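The following pair of complexes shares a single chain, chain A, combined with chain B in the former and chain C in the latter.
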Partner chain A sequence: MTTTSTPTPTARAAAATADYLDQRTGIGVAVKTFARKIFPDHWSFLLGEIALYSFVTLLISGVFLTMFFVPSMAETTYHGPWASLNGVEMSQAFSSTLRLSFEVRGGLLMRQVHHWAALIFMASIVTHMMRVFFTGAFRKPRELNWVVGFTLMILGLLAGFSGYSLPDDVLSGNGLRITDGVVKAIPIIGSYMSYFIFGGEFPGNDLIPRLFTVHILLVPALILALIGLHLLFVVLHKHTQYPGSGRSDKNVVGFPLFPIYVAKAGGYFFVVFGVIALMAATMTINPVWNYGPYDPSPVSAGAQPDWYMLFLEGSLRLMPGQAEVMLGQYTLSLNVIIPAMIVPGVLFTLLAAYPFIEAFATGDNREHHVLDRPRNRPFRTAFGVSLLVAFFILVLAGSNDLIATHFHLSINDITWVFRFLLFLGPWAAFVITKRICLGLQRKDRELVLHGHETGRIVRFASGEYIEVHKPLDAHERWLRVQHDAVRPVEIEPAEDSRGVRRKGYRTDRLRQRISQVFYEDRVEPVTPSELEAAHHAHGGHDEIGSHDHGHEPAQVGGGQHLVEPDGETGPDARNH
Partner chain B sequence: MKALAARRHDRRAPVVLLLLALLLTGGLYAVLAPTSAKAESSVASADDVKAGEKLFQANCATCHGPSAAGTASAPSLIGVGAAAVDFQVGTGRMPMQMNGPQAQVKPAQFDDEQISQLAAFVASLGAGPAIPTDDQVDPSKGDPATGMALFRTNCAMCHNAVGAGGALSRGKFAPNLWETSPRHLYEAMLTGPQSMPVFNDANITSEEKRDIIAFIDEQGNVSPGGLDLGSIGPVSEGLWAWVVGLGLLIGAAVWIGAKSS
Partner chain C sequence: MSAHDNSHDLEVRDSNVVDRFEDPGHPDHQPRKGDTDPKANKKAERQVLFLFAVSVLGTIGFVVAYFALPPGDTAESMRTSNLALGGALAFALLGIGTGAIHWAKALMNDHEKSEERHLQRSDDETRAAAVEVLAEGTADSGISRRGALKGAVVSALALFPITIALPLIGNIGEDWNVGKLKHTIWKKGVRLSRDPNGRPIKASDVTIGSVFHVIPDNLEEHHETGDYMDQKAKAVVLLVRLDPRDLKADQSPAGETWSYDGIVAYSKICTHVGCPVALYEQQTHHLLCPCHQSTFDIADGARVVFGPAKRPLPQLPITVDDEGYLVAQSDFTQPVGPSFWERETK
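Up next is the complex of A and B:
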């Protein structure tokens, strides 16, 4: 607006409005600060935005649905265009869902937008969480924000489950029946809890109105509040950035919020909304008219929950039924307690507590704003992959009947294979991932020390052949040497010089043990002196010693040669 | 014509020609292909029984025994009735192509006349359920809403809520029902082939069977919400949410992220 000396009437009006607001709210300061706030650029930083935008989509479409949905379990008889249900008795919840789908203009589209957005919401949360986990973005000062994000995921599960059950169809009713069974399996208070939740014997007449309140008021309000906190933390902590030359824990390299990210993020909202709308317009989701109104007796083949609950279904399907124990006249349903409470309990606790476990093992109190490359933290990466593998095996086990029909396999064999894989798969994934990480780190070391292979073979006068290696430029090298070498913590001895037992020794020893599990196997980044040594070795035949620790001897090839960096790609020309 | 001649060497011409050729072949096939004659046997003559016996001795006796009393590898056919033969042979399940968890559907090996002769022979061995009349299996005369209620109480636990099929133990499965003819559906309910239970007329009456057929007839044709993704429930929905939804969104994110650097 400063380019023209005479502002247009629109600009004048805008300026006047802004001034009016600023004089009364002081908003100018906030706008200025935010507009100049710098964010680093990377596609993986948009994963959380998918979650945010699909949540906005959920709110918009959800408001539409509440206009027509009747949250009541009162009996009614359906008369409408869907012939297979004409004249069938059902609850008002189900019949209003049918009316919404077949008679309200745009109703089916909105229902499908809502449901696809829910699946995308959970999928993007999980993907975002994976990004944060594998890059170590949860380290100090962001541990609390990890917990907020974790709570958001749990609330997402709750929102999904409560909404999925609202139409009162057979399929979601089967899910509720399983929930009822799980609640009843809780020792001592189980049956009381079940009566408390369902307002009497399952299914009762209270559940749909109760779920409705949970789904449209309680959970969304909590999610909104926690999203606010989540984003507030992002602003307070500043955004993390990927490692690279010029980036440190003390700066943020990127673009200002205005106009770059206002445009990118604003545009991305429409992309997310557009993709969800496209899916809703072309692909059926949750066709409740196929399942029919809820009735406790029928269960159809292929009865599964939405994907984010499928791991629980899988866990239940894998559990052998013989685990039920009789204690006198009381039944302890371990066949339900283990798969439905202990398995998800273990998975979720490990996930939520991981930042704290890692901080304890690392004994590190510094702030981290530069992300890790996953290969540089082999234990963490391998641990994350093995959690994902366990989750994925449970998801597949939840779909065992569909795998059986689609791949012409025996469902019994599939189930047995998954029972073993649940224990062997994560272990194998851990070992393999860790090996790959260490291998990639060794590759990095070799690149830094010896440079890129050029394929140029040179013969000396003496008859000796060598391949010429091209040294890395400063940016390439920095990326491969910038990270800290994390070693197992060293602790003070159990007794001081006068033989008095030291307080806190036991904790320290625990820390040392865990730390060894985390960091014993490692490949350290190339140090300046090693690099110097490699440079001096040029032309000679001496092996370049790599200082390796723990069980892992690095396989840096000996007898390779470096050529002197030529002037233009001088390693230090660009970075200093 | 002149415009066409001028564009004769367009590089898209081969593709267009190929499409036209495919259309022509398909069209000719549709016109000339033999249409399956309607089963028209109501009264079986003695000749039919005789011809049927010949067919039986040549094609079925190896497993079911020369007198159709069954062997160690195949059940007795005395008293299974004409309906069982019409279903098993008419859907190609019998003669069985290979051993396996269950007999697979394949193109029928006999024509309608031979099937009716075989059925007449097996029916002559002992009283059993007869082939239903066209009126008994007419989906337009059934009530799909009653059919829905019956289907989900009696059939859906194996065949899925809308008959898309489902898994049974040890590699056996309940097949998809959308391509099965109304007569074969009726016969399957009446005779209980392979792992399927028998639903005789005391269990589900003849009219109720027609209602179920009417319900199945409604499925697989109309999908108000768009592509039905196989009608197999939330697993395929979740798969497509990840593949299509997250696939497109991550693609867009990479594109947006790449624009600056």
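Up next is the complex of A and C:
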């Protein structure tokens, strides 16, 4: 470390400490292995970091809040600086929330930091997941880490929901009542599940203390453990990288952990915390003192849950009530079970299982460390967008009352529109996204084959005008040709040469069908010989090997194109 | 996975391997301004210094705000305190964050490095050795020879959690008497009183078109028994007086009258998932649940006209007592609130 011959006192102290630690822990090995570990750089890799840092912010502000919050439903009468609630009966949970907001200095700030951080935590998890999904970062060897991340998202929802309900205000109380209604709809054991959660009838006297334990112990402990596992996997696998010159599945290109990421990532924690602090300073969130303590009788119109719960709310709102049926003398509330359990169940299952479905369809057993450009995997990108559209429509449906009042529309009409959109939207999104992806790939081919337009018009002796195109440099080109266009798997015939039916044929057949859905429509990247051919075939006959629905080559381009004239590709070479 | 998969894997690769572009290798390093110009370098250093100084000032500002601006008693002073503390905290944090990042981006070595990756799977030798040690351990334990032991261990481990689960499940649902969901504290002769002040309502006080949020007169007693909230959550009622000519139907069975001179009382708990149904449109006689927009027609037996609820809101049979106060004829004749499995069972 030190280059001077006489070490400074600081350096000597550091050396002594390091020696002490190493003799007892062998930490030298870890430092040697990890200190200069390489991580690739890209803005989208920050999304996961935001999730991590907002979680740290949640821990810091959360510990502060537990010092003042009283998780009890015992009744008390409020006396304090918030005049409009003076003398009102409320639970100790609510009155201690008022106390920590108004009487503890910095308490309100910490409460708002905590709530904003929770919203950002969920938002960054979702966007991080989108990044991982659309770039195919979940492929082998990272499938298990996708499942860990998925579980973290579910735990994040649970943490958010349990925390939101703690202040025991009217809004969160009604949220709990909705939960109670949903739980009661579960066939056979619903009423007992409700008793299980609430310690008897709703709302009972046990729920807040129970939620408190869930919120500050069980869920955060699980989240912490899984974050540890999540990051362990990242170190084990080394980070994925975007495609580019010099980057392959066999290397990782970037900057060393120490000092670059110690400074960048360490600094980024303070940026995330700082932005949350700024939000908490300037934007009021969840002003429970305006809502009042929980009372089973009142409810306010236009109430919205936190954003990550809106899709469930929307789902509940869209379902027509006729779905409730009687089985003999028993009631089966399909009008609740379908929107609150089956719809999210389907969305979440598709999300969690996607890496395994794609691996099955691809029949691919290699490790992947270079990310996909979303356009190069049209099915995956389109599928992801259609899931997002379904989610987004449910979120909007969860705000249908606000849409109605803001735009002066009939709430019944809006609900009907969303009912149809929930089915049509994802389908349309799928088709459109897939076309856009294929179009972008063709654009890539076009660029590689014909170069950039320069705006320079050249006139030949024959009188013909053409535009000169500037060929791509090797790095630009590599980005557009480095990927494999995955083709549908081909399987062995059902019967072997002796006419005996092969075992495992049915699985293979299923694999082939799914694979065709995934990869039938595709555009192959340009090959060197195609580029060579294009150089020799300037003009209107740019036949390229685009494979769309089977293997017909499609016509793309067709304008008058010419690559910047150089020795071998003179104007004369046009009509080969 | 099977070797079968590998054949597909190879196929995908091989077809492309022949005619492919070569990776041109790492692009050349682009020097930053500060790499070539010592002045720019020095400037960046000063900027980093400045950012850290901002952080220190932010912390000092926080301490000052803490003492100088207590939250006080008014909304205004609370807002000021929060803004000052939060603003100072943001400066303290953002100063450190932007300073460190600017340092890394402008001043630290920005030459990209490359590191090799290795397959995740252990090599065959290691795998064989792992299988070997497991086999040795298994042999040492003798578990494969002693089948009875295996069964005993599994049974013991599977059974002991009962000692924790039994008392937990036994107590966590209080008395587990889900029959309570079917009854409220309304009964014959209980007066309808205003929520929340508890004043009983005279029929003559209810003008046409007016709406009352109602609790049973006997709810107050439940403050002592500890189930005030539980009882209130089931018993709340919405009372409306319609012009008797507008009242198309209510839920009274033949031979009984559950309403009184156009006054009808319905459970306020939505039959969808239990929100209080509280938005009453006087013109249409529609009652709208603000949570999921189930809409009930009060003039027509609280029939569902829109939304995710299936069943009408249960009606509370009412009449008047000798003093002219509205009273219940009985409890609701069916369970209130969201549906549950055994709702219709006797």
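To be clear about the criterion, the second predicted complex is superposed on the first by the 538 of 576 C-alpha atoms of A that agree within 3 Å, B and C clash if a C-alpha of one lies under 4 Å from a C-alpha of the other, contacts with A are read in each partner's own complex, and residues count from 1 in each chain.
Criterion: contacts are C-beta pairs under 8 Å (C-beta built on N, C-alpha and C of every residue); 3 or more make two chains touch, one makes a residue touch a chain.
Computed from a predicted structure; not experimentally measured.
By the touch criterion defined above, A:108 reaches both chain B and chain C.
In the superposition on chain A, A:70 contacts neither chain B nor chain C. In the superposed model, A:282 lies in contact with both chain B and chain C. Touch criterion met: A:255 reaches chain B and chain C at once. When both complexes are overlaid on chain A, the residue A:300 reaches chain B and chain C alike. Contacts of A:52 after superposition on the shared chain: neither chain B nor chain C is touched. Of the two partner chains placed by superposition, only chain B is touched by A:410; chain C is not. Touch criterion met: A:87 reaches chain B, while chain C stays clear of it.
Touching more residues of chain A than its counterpart among chain B and chain C is C. When the shared chain is aligned, chain B and chain C each come close enough to touch A:401.
Contacts of chain A with chain B, set against its contacts with chain C after fitting on chain A, overlap at residues 83, 102, 108, 112, 255, 260, 264, 267-268, 271-272, 275, 281-282, 295, 297-303, 400-401, 411-412. Residue ranges of chain B in contact with chain A, taken from their complex: 101, 144-145, 147-149, 152-153, 156-162, 164-171, 173-174, 215, 218-219, 223-229, 231-242, 244-246, 248-250, 252-261. Note for the complex: chain A touches chain C at residues 37-38, 73, 75, 81, 83, 102-103, 105-106, 108-109, 112-113, 141, 174, 177-178, 180-182, 184-192, 194-196, 199-205, 236-238, 244-246, 248-256, 259-260, 263-264, 266-275, 277-278, 280-282, 295-303, 313, 316-324, 326, 329-333, 335-336, 339, 363-367, 369, 400-401, 411-412, 415, 474-475, 477-478, 481-482, 484, 486-487, 489-490, 504, 526-529. Those residues of chain C whose C-beta lies close enough to touch chain A in the complex are 1, 4-6, 8-9, 11-13, 15-16, 19-21, 23-27, 66, 70-73, 78, 81-83, 85-87, 89-101, 103-105, 108-110, 112-117, 119-120, 169, 172-176, 178, 180-181, 195-196, 213, 215, 223, 226-227, 229-230, 232-234, 236, 268-270, 272-276, 278-279, 290-294, 304, 306-311, 337-345. Residues 41-47, 50, 83-88, 101-102, 108, 112, 116, 119-120, 123-124, 127, 170-171, 255, 260, 264, 267-268, 271-272, 275-276, 279, 281-287, 289-292, 295, 297-308, 310, 398-402, 404-405, 408-412 of chain A are the ones touching chain B in the complex.
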